[in-house]
Amino acid sequence: MKPTPSAALVAIRDLSLSFPGKPAGTWFKALDEVSLDIRPREILGLVGESGSGKTTLGKAILRLHRPSSGSITIDGRDIAQLGERQLKPFRRDLQMIFQDPAASFNPRRTIGQALSQPLLTQRLARRAELPERIETLLRRVGLPARFSSSFPHELSGGQLQRVAIARALALAPALIVADEAVSKLDVSVRAGVLNLFKDIQAETGLSMLFITHDLEVARFLCHRIGVLYHGRLVEIGPAAEVFSRPLHPYTKLLLGTLDAADDDSGDIRRMQSVSNSGCRYLNTCPLAIDLCRERRPELEALRTGHLVACHRAGEWAAPGAVPRRAEQTSA
Amino acid sequence: MSDVLVDIRQLTAGFRSQGRTLGIVRGVDLTIERGEVLGIIGESGSGKTVTGLALLRLLPENAEVQAERMVFDGQDLLTLDDDGFGALRGARLAMIFQDPVASFNPAKRIGWHLHTIFTRADEAKARSVATPWRERARAILHDVGITRAEETIDLFPHQLSGGMLQRVLIALILALEPDLIVADEPTTNLDKLVERQVLRLFRDLQRRLSAAIVFITHDMATAASLCDRIAVMYAGQIVEIGRTRDVFEAPSHPYTQGLVRTSLALARGEGGRLAEIAGELPNPSQLPPGCLFEPRCDKAFGRCRVERPEPFPGRHGRAVRCFLAEMEQEPS
Amino acid sequence: MNSKFQIGAILRNRLALAGLAITVVVILAITLGAALMPHSEEDMDFVNLLMPPSLEHPFGTDAFGRDVLTRVLIGGRMSLMISLSAIALASVVGTMMGSLSAYHGGWTDAVLMRFSDLLFAFPSFVLALFLMVVLGFGTPNIILAIALVYLPIFARIARNMTMLIKEEPYVQAARLMGRRPLSIIVGEIIPNFSAPLLVQASIGVAFGIILEAGLSFIGLGVQPPTPSLGSIMADGREYFSRGPWVLTFSGLAISFALLGLNLLGDGIRDLTDPRLRERAAP
Amino acid sequence: MSLSAVDRFLPAVFSGRRWALPPTLRYVFGRILGALLVLLIGAFIVFLTMKAAPGDPSLSALGEQAPPEAIAAFRLQHGLDQPVITQFASWLGQIAHGDFGNSLVVASGRPISNLILSRLPTTAFVGLYALTIAVLSSLVLGTVAAVWRGKMADMVATSIAVLGISMPDFFLAYMLILGLALGLGLFPSYGFVAPGDSLLGALHASFLPALAIAAPMAAVFARTLRAALLEVIRQPYVTTARSFGLSRAFTFLHFIFRNALIPYVTIVGLQVRYVLGGVVVIERIFGIPGIGSLMVDAAFGRDYPLVQACMVTFLAIVLLVNLLVDIACTGLDPRRSR
Amino acid sequence: MIGFGGGRFDRRQVFKGTGAAVALTALGGWPLPAVAADRVRAGITGYSVINTLDPGKATLIPEYYVLWGLYNGLLAFDEKMNVVSDLAEGFAAVDGGALEFKLRSGVKFHDGSVLSADDVKFSFERLLDEKFASPNRSKLAEVDRIEIVDPLTVRIHTKRAFAPLLTFLTNARTGTQILPHKAVKEMGDEKFGRTPIGTGPYRLQEWNANQGLVLAAHEGYFRGAPRLKTIEVPLITEESSGVTALLGGQIDLTSTAPFADVPQLEKNKAIKVLKQPGLNTRFISLNLRKAPFDDVHFRRAVSMAFQREAMVRAVLFGEGVVTNGVLPPALGPFHDPKPRDVTTFNAERARAELAKSKYKAKDQKFAVVTWGSGWWKRIAEVFVAQVNATLGTQLTVEVTDPNAAYARQKSGDFLASVWGWTGFVDADEYLYDILHSKGWRNFGGYSNPEADKLIEASSRELDVAKRAAICRQAEALVMEEAPVIACFCSNIHNLLSAKVDGFVQKPYGNYGDQFPMLTVA
């Protein structure tokens, strides 16, 4: 069962994306038939390890990558395969905040120039209005107007990330994708930026896709959580649900409620730890059974609004149930 | 015999650049006891890494390091020449760096690294080992939880993941059997799952070698799970030091208080807003005249703006650089 | 990557300063100096043929009794003009080619880069020689030949740098604003590798001068009576044993100019390449 | 490297599972195939371009005094009156049989392949001689400059290097002739001795040309090595090596120098283009019967088939060297093998 | 492997030195052998190409340099450029206008075969054969048939009285050298060009395409085996390299010398410099079909607008003489030494002629075509600079390469171009070919019926003095119209190491024919 599209701001269906891999001629599947909805006025958290496809998914939704297949529907229009020119009207609705604040700004332009670019490009302001608009934007993210004439290297990471938020807000988008937006920030400033995200979402009512590997941050900020494992969405549900009653073995591992064997299994890169047939988590999963090898699990709703892609998740769903470990099942 | 392994007084360090010297570490006092795990926490630019590198005399050429006293196990490090120091490194002092991938010679196989380290360790301990190096390598890789040791020996560093490489690094340290290990953010570049495993290894390592570990990190949770004592650095100074439990349960310095509040709120999954520490780290070339934390401190008062506080000692080796702490301890 | 560099920084770098000083001297010499010379580079004096260096003619005279110093200055101007034009052409076309190719990828990239690879696979002088024979003689053709030799180098730099920079968040952010690719390439990407381009350009100008001189030297140079450093050297070679000063002084002039350009290029690289700067802090 | 983009041209079958070649072999095989492709395209472009060039080979072949009827006969005999495409097709056909056709002008009627084969060893000898001088001197200069960076030795080595690239090779050649040949009489100013006749004699006779070619290269190499060494010295693994207490000599040799060789070898490979370019003028000045002077003669003589063959030969040498350097770098840098 | 040249060198001697430099000094020049009594290295300088050694196919000067030592003609030039016997003991005009040649007996080719009248007939008929397409066919164009009288007597019948024939039968730049009939037939033309067989004092031993050749003494030479057993002939592209090679002892004589170096070389006691005005003519070739050179006044103006003496100084460094026409001084009676107004610098008269012409100086911006980087280029530079200065024109120089320049000459794609011819031994080759309306080297399209008639008459006149007078008359007539701008005639040079003796220089630049005369001290 798949999420119903009606309530979605952005509806993503069966989105796949492959990159040319090494050696030449092979393809690396960064996203494998991911389907999810981003609802209006929600912060959707996307968690997973590095390499799980979180960033790729974010960029694909913003059409910084062209998906190999699947659809991204906004306002009833599929933008998955649109060209750069046709995308332009959608651009102002979709903005992004990047992980590295220092790299998010052209080192040769002042903060003021960086903030006026989107307004000018989308013709949202006349030149004369710019100083005022920039000042408003800077104040909105808690920065003084004098930063307008500063260069990016003169600002700290925390300040720059605030400017990045201001730049995204300049176009009054419907969706902001924030990619590890606080992971490069120092601990002492992280709290402030997290608060800012929370405030802005509450004030403007925009939607946010918040990509992070930090579960605590995700729990603090997000309404719903999606878990990616090697290009597959394995679990998605309300944040509280996912954290208190995770359904997928991988989610449990991430949350530390299920111990993985403490060795190097699957850690040597050249040994493909990711299974290419059946369930991708197969090789690492302590609960894997023959069915996992044979058939790829699809997302299913085991509780209301809580979907999981695991053949054995049903065994968890009942309160107090604990599935037996794989050795026992196959024995 | 004293339990103090390292005794440092008034360590300052900075870098010469374009004719000026930019101070990074500003008067650090530190004692490390045998077998203890000392966590140094602080954000980037606080001088924690430079402190670690200064301890092993590994700073680049344009660095300027001064100290009143630097003693390692009764040996005065300040008067030791470079060759003498070189003999200490690897034999009694060792360091683990943040980026495991960059810590390996990319042109050489894992086995070569192990072999080189065995040679170095045997030379330092003035012993000869009959066991073939490959066997030793296999054994020590097993010790750090690498099951495919035989294969791993013949791989190049780039063929291993960061987590694996960090394990191998730990194996190298195991082979060297030093008395003091400085670990500079060894888990920061690792995924959460791998981090958990590597931290466990660190605990193992410390138990097996009974070596002292200086564990540098910016992550409060990591520090809390591993360390006996915690030193909190801010702008090149230790602003608070004490037993881990003391520091986390009753942070005394406003900066520590801020950090602990945030991380606790996150760890407990509390909703609402997080406590913030406003402002930014001071620019090293434009330090405030008084307390270095004063511009960001919501508890600052007049004295903080003009006078720089010294560390005020407390119970159980606690020391805090804050006039408030002084007032608490000296009831007037 | 912050590739801004200031005049102040150049002044603090001794090498760059020396390079800048020499380059300024060279530029002054071939502009002001040449204008102030009492002799004309073309006036022949059949009485004073091949006079050795003297106060009147510090570099001596050539086979037509022309003042070698004047010719070296004017020739230097010509050589620099040729090399500068060629490098300007190569850098503009090459950079656009490389950047577009990297930005768009796919077949455009494959074809353009294949072309540049091919040019790059020929020894530079052999390629220039071949092009001169194919294109015919004349200054525009020299410029074209040198430009074609240097095109792939700029294309390569531009491609590599664009490959890196196009993944930078600020470029992605520019795309998200809905800006056009060309506007992003010209406005956001190229300015951020202007330093390596500048380094390559200053070294390219130096090698362009050598290339032009080499072509002139084997007889494919600029058309007389306009002198270029290479053609003066080629003339001087004809009567090297009779008047060694002609070849020697024009050769030294080339070396001096190249020294300045190379030092300047090195200096700029030192100042702008973050990898070469000493770490200020860990 | 220039061949990196070739991957995209290779059909997927070569990397597919059906071809169970070991990765290194597959890599080398792909590189060779790519190089051949570049060679073919290069040959085609050279051929077409040469056809567009002004001038007439029949005139150069028969000399200025040739009467018109001799020229017509010449054109007919060499198929110069055929359409360009036909000429290219027949040329390609010949090449497939290892036959570059006959020289029209420079050595009329002789098979070009013989001509080139007889010239190639000479250029190879002088080129390798120059390369050896450049490599040896740059290893010393570059290492000295990097080890004593910022010191007097660095200043001296760096200055030598900058002077080296600031002097055109042909100017240097004349200065060397003036000083060492005509002045001190240490070396001959002209001529070539085949190494097969007398190796010592060949080394002596070719010293000045080799030095003239080597000097600018040595400068580039030395600068590259210095920069590479300084770059590697900054790498964390060097600090790690120091933290293990490994000796300075061991660290320098196995960590620093070993890894600095990777960019060094790459630059040495790239510079082969310049060696071959420099060879053209230098061979002419010193009267060395190599492929460079052959190329100049052919170019001036509009000996179409010979120019084409020379260009293709130069291209083949560069591609071959690139290939070797690529493979060498794969050996030096395990990260390169996929 | 280190070879020590057959023990010529003592190892200890090499390595006893205190350093590499000393060792290398000891090696100076080695292992190129020093001049040995039985061999000489005769460098051909300024050229790098020898295509063929078949006289019937030869066109290039270096080809002739070599084949003059490999072959003989029926006749030869002596030092004073008199025609003397060679393979023919003598000749006589027989009735009916034919020339009868009596061959020497017992002359042997390199392959041991003996020269006979059949070889002569074959050699000439081969040259005349249209299918053979010899570039030298014109030399015998007037020959009607060749008759063998007996094995040592041959008669050449001409269509009409043809004065130049005798000079064309000399062993000079003629192509009429005598080949062995049988050997040529056996080998075929192509192969013969590469493995030549002649009657000359030397035979080809080794030939490395555009590196050089080695000649070996022909033991059976009819004048006796030459003293020098081996002549090495390296090809040295750069003239200046030839000089340094000579000074460095790597070669013993050169075929040319750079003009600039001559005065200094003459002072050098280690070498000998031979020089004299050569059989050559250098001029500015004009295209008379196009403006402005279709106007005789403009041509005259240009011709009078520059100092030829300055040109000789600046271009040749004094190594040449100014000329007033196309016939060089070395042609003796054919040369008219009297200065002509039209070829003498006179700025006023030049401007007066310009005023008479229909063209204005300021409109003249065309380029004078030249090539290379050497003195050919300098001719154009000096010419253009002076003409511009005198007339106020804005001529430029266009440097191209020799092939392109020649191609443009032939196709008429030029206005003015530096040009010249070298090594022609007969006045007819200058007058008829260059200035006759049917002359094939008349690239400018000059046509003057009166001059044509005179030139034709000259070739029929067998009396040298009378013929010379007609030639001078024709030249004077032509030069008044300045169809080409005569410039100068350059000296020819040979540089000899002091040890070498016996070389006698002739104005057509004989080189190979002196190989048997050489002696080495």
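All chains are identified by letter, namely A, B, C, D and E, in their written order; residue positions are counted from 1 within each chain.
The working rule: contacts are C-beta pairs under 8 Å (C-beta built on N, C-alpha and C of every residue); 3 or more make two chains touch, one makes a residue touch a chain.
In this text the structure is predicted, and so the values were computed from the model without any measurement.
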| item | value |
| --- | --- |
| Shared chain contacts [chain D and chain E, defined touch] | C |
| Of C-E and A-C, whichever chain pair has more C-beta contact pairs | C-E |
| Averaged-CA centre spacing for the pair chain C and chain B, given as whole angstrom | 51 |
| Centre-to-centre distance between chain E and chain A (centres being mean Cα positions), rounded to whole Å | 86 |
| Junction residues of chain C - those touching two or more other chains | 133, 136, 217-218, 237, 240, 279 |
| Per-residue overlap in chain B, given as positions that touch at least 2 other chains | 53, 60 |
| Residue list for chain E, restricted to those that touch at least two other chains | 401, 404 |
| Chain D partner contacts - residues on chain C that touch it in the complex | 15, 109-110, 113-114, 117-118, 120-126, 129-130, 133-134, 136, 206, 210, 213-214, 217-218, 233, 237, 240, 244, 247-248, 251, 254-256, 258-259, 262-263, 266, 275-276, 279 |
| Touching residues on chain B, where the partner in the complex is chain A | 43-44, 145-148, 151-152, 155, 159-161, 163-164, 167, 191-194, 196-197, 200, 218-220, 255, 258-259, 262-263, 265-267, 269-271, 273-278, 280-281, 296 |
| Of all residues in chain E, those that touch chain C in their complex | 240, 243, 258, 260-261, 263-264, 307, 310, 313-315, 317, 367, 371-375, 377-378, 380-382, 384-386, 396-401, 404 |
| Residue ranges of chain B in contact with chain D within the complex | 53, 56, 58, 60, 86-91, 93-95, 97, 99, 102-109, 116-117, 120, 124, 156, 158, 172, 176 |
| Complex contacts: residues of chain C adjacent to chain A | 1-4, 168-170, 172-181, 188, 191-192 |
